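Okay, structure first, notes after.
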Amino acid sequence: MTIRVQFWSYFKDLSGCAETTEQLPPGATIDQLLKNLYARFPKLSAMQNSTLIAVGLEYQGRSYLLNEGDEVSLFPPVQGG
Amino acid sequence: MHRLVTLTRDPIFDSAYISQRSMSATMGAAVSFSGVVRGHENGEAITAIEYEANEPMALHQFDILLDLIEEQWPMIETVRIVHRLGKVPVGEPSLWLEIIAPHRAEAFASGQFLIDEMKKSVPIWKKMIG
Amino acid sequence: MHRLVTLTRDPIFDSAYISQRSMSATMGAAVSFSGVVRGHENGEAITAIEYEANEPMALHQFDILLDLIEEQWPMIETVRIVHRLGKVPVGEPSLWLEIIAPHRAEAFASGQFLIDEMKKSVPIWKKMIG
Amino acid sequence: MTIRVQFWSYFKDLSGCAETTEQLPPGATIDQLLKNLYARFPKLSAMQNSTLIAVGLEYQGRSYLLNEGDEVSLFPPVQGG
């Protein structure tokens, strides 16, 4: 399945792009997606412990089961206000 | 509860928002907050902060917080939130919010809750402009 | 700390006060509060509240509270307080105040402190008008 | 000595006047002033436990020693805001 990934804030600088796609087998989790992304974008992996993950408009954890068409957002801690 | 959440690239004129306020006769308290860009951030002089948002998600996450407020303080009549995006110069508000409630205690408490929580969950980020 | 304490028989236009606000570049938070006359008081419908003050003593007691605020939150830049006297119709503010501080925590905390304490020590009384 | 007394809020209704004077011996306290006033204005004495007292612009307690020229204010609990 194809998963679209968007990067936000300085994660765009770390990955060098605003968005990308990943091919994953059915039943893959966010954890597997992250492993693939960290292989492609090593600078992102340094931020592992402060990475927030959303699918669509909702926050999700690493064990979330991805579905075809999911749009994943990865970003650093938020800083509004 | 009336909810007005706005993400805007225009300057925030809080006095204009306040002059548009409407309160029913059972409401006794309006608390408003303006968060203004300061000239220093982490000890460094800056001229502006540039705000970026994941806009649809930010609006949704604000809505989740407003659900929590409605549950915890069911008597609140109105919450208005305005967050500016893009480059906000020092001295100008990046955030304005207002709570209208029967009594001051719930207006103050929910206003503080809203700001504390949005800083954890609403996907908005800042970049200092030197 | 700048202090502006006003007792007035004129309506309070909070948006006008807010448009006159000035903050220096080290200040990041402005909290304002409007206390508005409600249509019911102790279960009885009213049309207005008439406020009476021992004016010189009220100004002095506000000053004592502002001394306490200055001691407890020395970074606060400005506190403005406006209390209306005479007949205040339902739906109009009887009290407006604003705190300007570097951060929101001290602005919210000192604003609540000021209202809680003024309700104990500032000689202003109300009379319900049916 | 002559002490001027002002009543505020509904204490004016209870006493029937906005202000009065009392003659007291030198060294008298607020407590003595109150006794005299309660004799003249019995309705005020019902409010004894919720009477606030100021001399000039400052709150004072019942044992405060009065001085010639003191202006005393008596009033119920305040209700601003």
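By written order: A, B, C and D. Residues from 1 in each chain.
We adopt the following convention: a contact is a pair of C-beta atoms (placed from the backbone, for glycine too) under 8 Å apart; a residue touches a chain by one contact, two chains touch by 3 or more.
Bear in mind the structure is a predicted one, so any value in this text is a computation, not a measurement.
Engineer: Where the centres are mean C-alpha positions, what is the separation of chain B from chain C, in Å?
Structural biologist: Computed value for the inter-centroid distance: 22 Å.
Engineer: Please compute the C-alpha centroid of chain A, do the same for chain D, then give the distance between them in whole Å.
Structural biologist: 73
Engineer: Averaging only over C-alpha atoms, locate the centres of chain A and chain C and give their separation in whole Å.
Structural biologist: Going by mean C-alpha positions, chain A sits 48 Å from chain C.
Engineer: Please report how many Å separate the Cα centroid of chain A from that of chain B, as a whole number.
Structural biologist: 28
Engineer: Indicate the residues of chain C shared as contacts by at least two other chains.
Structural biologist: Within chain C, the residues that touch at least two other chains are 35, 115.
Engineer: Among the residues of chain A, which are close enough to touch at least two other chains?
Structural biologist: none
Engineer: What topology does the chain contact graph adopt: line, ring, star, complete, or other?
Structural biologist: Line.
Engineer: Which chains are in touch, pair by pair?
Structural biologist: A-B, B-C, C-D
Engineer: For chain B, which residues are in contact with chain C within the complex?
Structural biologist: 14-16, 18-19, 23, 25-40, 90-91, 102, 104, 107-108, 111-112, 115
Engineer: Inside the complex, what are the residues of chain B that reach chain A?
Structural biologist: Going by the criterion above, the answer is residues 35, 51-54, 56-58, 60-61, 83, 94-95, 115, 118-127.
Engineer: So in the complex, the part of chain D that touches chain C is made up of which residues?
Structural biologist: 6, 8-10, 52, 54, 56-59, 73, 75-76, 78-81
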